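To keep things simple, chains are lettered A, B, C and D as they appear, and every chain counts its residues starting from 1.
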């Protein structure tokens, strides 16, 4: 990939007005060189202020940097230029999803699907957003593409640089996959594979299928979450859960409620408990609807204890 | 009160085109809009009824470029001329740095001109401003019409210009006089910000 | 792209904070005459100059209706659209009365905007310096430059 | 309608430890009807209850839990409860830390049904 970048840089140096700046910025982004990617994209856009693909690329860089409102602005700009731009529609869909706005996420993805009904990644993302069983994900193109990505150097679980939208390595993270579908295959993080995560919750029921530890940016640190069909949906869930703890903190501050200790969501199929671990990390425990909330809270407390001990042991 | 930004060295001034209904205030702005290069003007906003009369105001932002090292911007407004729109007229006048009074040169419009000018005085006073301190120029529009229908500039001076303000004959629809009027009011307004201003605060 | 323009620097801190807290798309602080004093956010949302002229006009006209009805003032105006909402409200500062236009999308709500707007107003009040006296701004011979500017404006 | 809402809020306020209860317009985050103790800021409660409920229900849906109906946030200084999540009107309650959440929850679900 370094060769790629070298070749692209050379080509761009030869013809600075070339639109290939997008390819270079994208290559840098995939390598996690977000600062450099940003510079290339902005420079290119300076020369081509009406270039939709340039803004699309810029949006993905912002998204990787967790600058979500900037990402939204860039994608909206794309849509102002090309209202049917597939990448931007998916990107906007992802941002809505991340904010917890399932309805608008669906709308954006439906729009994307109307533009390109053959886009499998969008179809699966839409199914996931609606909470439907995902269609034929085992052989989906996103998975194939992700599998073709060379794995980067292994990173410690707690310092994964990849931000949420760019983590479709797990086959069941369809929204993320959709948000950055081909030709923009995103960076792949070793820690995103369920088997590579540290066994923090050993001894607790559902240690790798119903308990998740994520950091403040929405990246998975430990544990795992499975969908009904057994596929891993940790990345997607973590991205969506990240916004909650900030909102909880703010709510407590403005309502003078002190520090929050737990959030319980009683949903159709499950009770979901969230609890702050340490240093902005958040723990999530999912239990069947039939599990009493009080018991779910107890389990979450035990899992939280395990998470805090583990975080201390790895010095986070 | 002109808005002066010392950090970015920018001046913004508000100029209101005043006058009786159908005297050609909007035509002045439209002509300016049509003449000025794209990058020197903003979007022109017209709140007009279907009968082409201004309902609330027209608005045209202009970039005059650099003057004494300050980027100078003018916001041109018109008011609705019809008598019954006085409330909105008064609102648009709020915060004006200068006024262009556009008179209709037609003989039969003389009373309307006088009435509108008096109305201007009353409205300015209601904003707590002494009209003698407000930069102002006159424009005698529609001077292109046949002689027998209109009053000559001297006659209009006699009827309207008792403060001996600068006055310009004009044909706003086709351009003559529009530029001169804008230039004169610009100079009047900016003079108040300059070292040459007598009795500055 | 997010942009900031600040005519008077004391507005910047409170303004940037308000935009972030309320997740607003764009906030414009203007004078009652419709001149932009400061703005922060995504300017693509509206045409800034005309939006502030129109915002000031809305405030002025609704204030006038209030006066005719014997109401002291209507205070805040709020319009909800399909994709965007606007919140338009006055703010009294030692620097005089200002008007604030907030454009926001569906990622936030009018309730949140109002909560943070109250804080914003308090912060502006605290930050505002008293009205200052200014010296001459332009050189005495500004007219020559003005003539050149206008000539180029009219391509003469 | 509003009398009915107030009756429901009145029942809620009788649960020991409840400091304030209200109906909130979910999309706008504005109070529709409220019964609050003096030190509870209704605007703040409405805005944050709606916002938190929206964020939590989006996140919970992503975990495969399906539609969220009831949200509780526990904290050192009190409890925030939201029912009717997903509908146009939410029922929000702020209460002391020791409140009987089970009891408050039942009354809130009843209150939410009032508007359904």
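We take it that a contact is a pair of C-beta atoms (placed from the backbone, for glycine too) under 8 Å apart; a residue touches a chain by one contact, two chains touch by 3 or more.
Remember, it's a predicted structure, so these values are computed and weren't measured experimentally.
In this view the innermost chain, defined by its CA centroid being closest to the centroid of all protein CA atoms, is C. Centroids of subunit B and subunit C (each the mean of its C-alpha atoms) stand 24 Å apart. Distance between chain centres (mean CA atoms), subunit A to subunit D: 30 Å. Separating the centre of subunit B from that of subunit D, both taken as means of CA atoms, is a distance of 57 Å.
Taking the mean of the C-alpha atoms as each chain's centre, subunit A and subunit C sit 36 Å apart. Across the assembly, subunit C contributes residues 115 that each touch 2 or more other chains.
Residue positions of subunit A with contacts to 2 or more other chains are 99, 101, 254.
Every pair of chains meeting the contact definition is listed here: A-C, A-D, B-C, C-D.
By the touch criterion given at the top, residues 97, 99-102, 131, 225, 227-228, 233, 236-237, 239-241, 243-244, 247-248, 250-252, 254-272, 274, 284, 286, 293 of subunit A touch subunit D in their complex.
Put simply, subunit D touches subunit A in their complex at residues 41, 44-45, 48-49, 51-52, 54-78, 80, 94. Against subunit C, in their complex, subunit A makes its touches with residues 69-70, 73-74, 76-77, 80, 96, 99, 101, 104, 254. For subunit D in complex with subunit C, the residues that touch the partner chain are 24-25, 27-30, 43-44, 46-48, 50-51. In the complex of the two chains, the subunit B residues touching subunit C come out as 1, 3-5, 7-8, 10-12, 14, 35-37, 40, 42-43, 45, 56-57, 59, 61-62, 64-68, 70, 72, 75, 77, 87-88, 90-92, 94-96, 179, 182-183, 186-187, 190-191, 193-197, 200-201.
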